[in-house]
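So that you can tell them apart, the chains are marked A, B, C and D in the order they are listed, and the count of residues begins at 1 in each.
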């Protein structure tokens, strides 16, 4: 392994990186104060790090090549764990039982803080699963996913606090309708709207926004799609920032009510309820995504991802298929938006930037595009790790970026690659 | 009053021209890389930022040693070009080359990752604050009376982006290298068969694109007077929009796209409101892509079936 | 029947949960001072000074034997200035039994967190959250701050422009951000209410954009004598430099976000003559001198933004606990409102809404590369 | 009897290059017809034109489903598919307006709509859904014959379940027919070349076509596989009454299989007739000899 040739290669690599990072790593200039800080020790760090990493880099490549050869010979090795789980019922149910017990006991054992960050993590799970429909299944790179998240959050915030022109409009409408029908029934639409009504409504509205975004971008190929969706995401944020009458501008909307669980709760007491609600929503999402994956629509999405022309030639209306993917993905984001508004009780446009989209995308990429379990694990890792590793918070985005590159190169299928569902019925039936 | 209106129009036109030239300078790099390997090099904005930072560092160090202005200008720009090119070259080798055969989504995600990584690399290794960037461009004495209309830096930005565009077009059209680049762009396999060293050509494209980004970085930072780690992302996003607008892959398209974008923003600001400046820009992009998915000057490529 | 079951279920969950998170005995043990704010990320430079300030105050108090015979313990939690994370931070502080909280740093994060503190009767005092709604809306009875609110700043800017400079045509420009736009809105409102001057232009500029020349042309065309700008120094220095390069001598009046030495460094010669509002100069106050000296001694560098405000807030909160003789919420709030306390910002107490009485802004002008307070 | 595919005067230009030059082709029910010609003669372009992937420059493509009326599937002749918004206008008005607003009033059928009407194809350079299983690939073909939507997929009621079951059974039947049933759970990309070609045929069959277009189905197959392919094609024609139009370079296969042959060169139809007639046609021999003698 450690041949002279290898060492020479790594040595050259490390020399190159020392050269490359020299001005930025070694010299820190503060042109405001006219001070220059020489950090020679960084040369050593960069040199050693790149020397060592270059071994790993080449080793990974070798393994990847070997892996590819093996892969073509027999079945995917990566799914061995899942195969094992599938084959041994006891292990599968045992593990499932452990997860369920853990999930139920979680808020009682670990207290409100842990529960609260778990709620955030679960929101990211659902966001990841939603984006997974668009990117993982249908293969449409959406960089403006956060826009629908914002739409959901603002739908609930505005309807719940009755603020801005929409609140005003609803009031006028209720007065008008009351006059028209001679009742006081319509006052209800000018009251703070209940969470339970807005949750499905926000999904619907976000879904419609997905359709609206979908229409103009239908004809665009992958890369163009990426930039246009990114632009859309920015447009929505800018509108929220600039249109004070609608969204209260950059100051955001505060005092958003928690859902009514039938008893009066303060914000700490309501945490476990929101947690269980979120657990339910995650299960619901997993259920729906799983069902979709093995359905006619889900297959059409995957075919679209694999080969658009063949997909169309096989009789699939690509327009409709793309639009459903956008709308479905968007509606989950809308749902998450409502949940984040509930959890935080305050929202502002600054929470919905491109970085948020990038993080959700890296969840999907890291977890494994198209794989539900993968996305869940990815979301938990990416949202919980930074909470526990606050000390390394500065390095978080650095690691995110590096991870995205490394995953694409060495493990494009993600942590858990998507295992194609097989249709068991056939074997039994033996037609 | 009539006179006033025309003057205002011309002023906005000029401000759009400056802004557009800035976008165009960066957009050229996007378009070249896309033209040859059909990868959106999301990290291009970061290369521009690194170019500006390198120039800042070199010029600060040289100022400390008391070098004369003109030496600083040449050395700082030269180093910025070398370093940006080196970064461009390395990025291609690390993040894109292993993904030549991968599905289209992979290099794009890798590029986004690279962009985030480089931003935070500079943030951590340097500073999160805005740093003063002393203009490296000496002010033209003869232009002083016209300062109100156009400043030295603005003029230089406009001229350089025009020169760069013409030079690039000539290189691609008439030199051996340009021919090899076009061959690689059209059919990588065939190019390889007829003896073009495809990897070298791709590296070279990245190097040229990054060198342009460095020139852009020095000029623009001189014009604005301050830099931080995030400037690459903002400018890169707009420049990329410009490249797509003009027809990504087309060199005159990138410049035209930049100018159209610059004018849209500046007239939008002047006659409507700057509140929605970016909304104008992105809406224009969406509109153009709906009616001309290949961009203003892009070739429409029918997919091979 | 179903309903009964459901309510039983709900009650069960609440009981178990509340039991499990453990009602820590609040009247014994050390007094816990929570500190929340941006302690990492690109806004850390606003949050770290508040930890340092609190640490200095607490060290001194603990050395003297604490208050009410109890030591003071600091719990610092990071919220990265994001509302979403701020709720986690607040939950953590509340559930680990914080008596009072110094923070948060950003207005948005503060708004998100306050509901949680309020429900648990935890007092919260920010050194830097200037959004007017925090105190004026009446929604947050548990909120106090040692910095004046944005509208006070806007009022000062407008009064200065109208009465001192006697301006008639003013352009109001902001950076579309929470702080800048909020301030600009107040400035516009006050200008219109005064009837003395005309707001000839009201625009938001895109932060980070490469070029503002179109907006500058617009300002020029509007014939404004002055710009009131709401926002931070990077945009301000770009605007000012570009204007001055175009030979425009339009007066530039801005806010606390611009009253930063970086602005002068970056805008260099173009910064001359710019007006900015900032907290009153208290550098001659003995407590200020002491605090800054202590900081230099301990951390070997100059304190950063909002250091004095945080120092004052810590003093005020701990003093109120001592005066009240208990950590009980109502008693502490009463003490804050009634008893004056000596701080680096002067002798202060708090009004009904939670704003500090005796803390204010004054106008500064850049003269020879330095901000000089105008009396 | 009406031809099931009637192509009149079809022309396709790429820039200045005329890839297809006023080509006429007729196919009747139950026929196996071959389209041959030297490389680059425009055969695949012809397929792309009639399946809606390319838009022809001129000409008319009409199909007649055995159980339905004739439909013209490109918009180069008036009155093909009127934009639904303008359906209420009388035909004469539409015809006169067409000159001014062709895009607005008319559009050609999209590839998926053509497939839906009963014309399915395979691809010369195999375009399977590589990361999906063999069975799933075939199931995609059933997409246009089924209609479960999102609610159906989520709720999975009896209707959806029945439909899914039928889809699986039908696809399994097709896999059996093409001899791929033992590979049903394999990923398409892991199949050997010959099996991939057959999978493409199975996938096309799943769309229930009345006319199957095969683009070089025997390319890259060994003699045994080719022989199996011939049997398969006969079986498809005889059992399901599906007509077949194929492009092929393997002359032995073409002569053995097809009942009629069209020969194109430089986009023009140069000859048509039975295999015997074509074999002896001097024009054809010249076209091939001028190109590449080995193929002939």
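Everything below uses one rule, namely that contacts are C-beta pairs under 8 Å (C-beta built on N, C-alpha and C of every residue); 3 or more make two chains touch, one makes a residue touch a chain.
Because the structure is predicted, anything quoted here is derived from the model rather than measured.
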By CA centroid distance, what chain is farthest from subunit B? D
Which two chains have the greatest number of C-beta pairs in contact? A-B
Which chain wins if you rank chains by how close their C-alpha centre is to the centre of all protein C-alpha atoms? A
Distance between the centres, which are taken as Cα means, of subunit B and subunit A, whole angstrom: 30
Using mean CA coordinates as chain centres, what's the gap between subunit B and subunit C in Å? 39
Roughly how far is subunit B from subunit D, centre to centre by C-alpha average, rounded to an integer in Å? 46
Expected list for subunit A, residues touching two or more other chains, is 32, 242, 309, 394
Multi-chain contacts in subunit C: which residues touch at least two other chains? 176, 204, 262, 265-266
Touching two or more other chains in subunit B are residues 129, 131-132, 275, 278, 305
Complex contact set, residues of subunit B against subunit C: 4, 8, 11-12, 14-16, 18-19, 22-23, 123, 128-132, 147-148, 151, 220, 223-226, 228, 230-231, 234-235, 238, 265-267, 269-270, 273-275, 277-278
Touching subunit A in the complex: which residues of subunit D? 51, 53, 110-113, 115-116, 120-121, 123, 127-133, 135-136, 139-146, 148-150, 152-154, 156, 160, 163-165, 167-169, 172-173, 176, 184-185, 187, 190, 203-204, 207
Okay, in this complex, where on subunit A does subunit B touch? 16, 19-21, 23-25, 27-32, 34, 36, 42, 61, 135, 139, 141, 143, 216-217, 219-224, 226-228, 230-232, 234-235, 238-239, 242, 309, 358, 361-362, 365, 369, 394-395, 397-398, 400-405, 408-409, 412
Where on subunit C does subunit B make contact in their complex? 42, 44-45, 176, 203-206, 208-211, 213-218, 220-221, 233-234, 237-238, 241, 245-247, 262, 265-268
Which bits of subunit B are touching subunit A when the two form their complex? 34, 38, 40, 50, 53-54, 56-58, 60-61, 64, 79, 83, 86-87, 90, 94-95, 98-99, 102-110, 112-122, 124-127, 129, 131-134, 237, 240-241, 244, 248, 275-276, 278-279, 281-283, 285-286, 289-290, 293, 303, 305
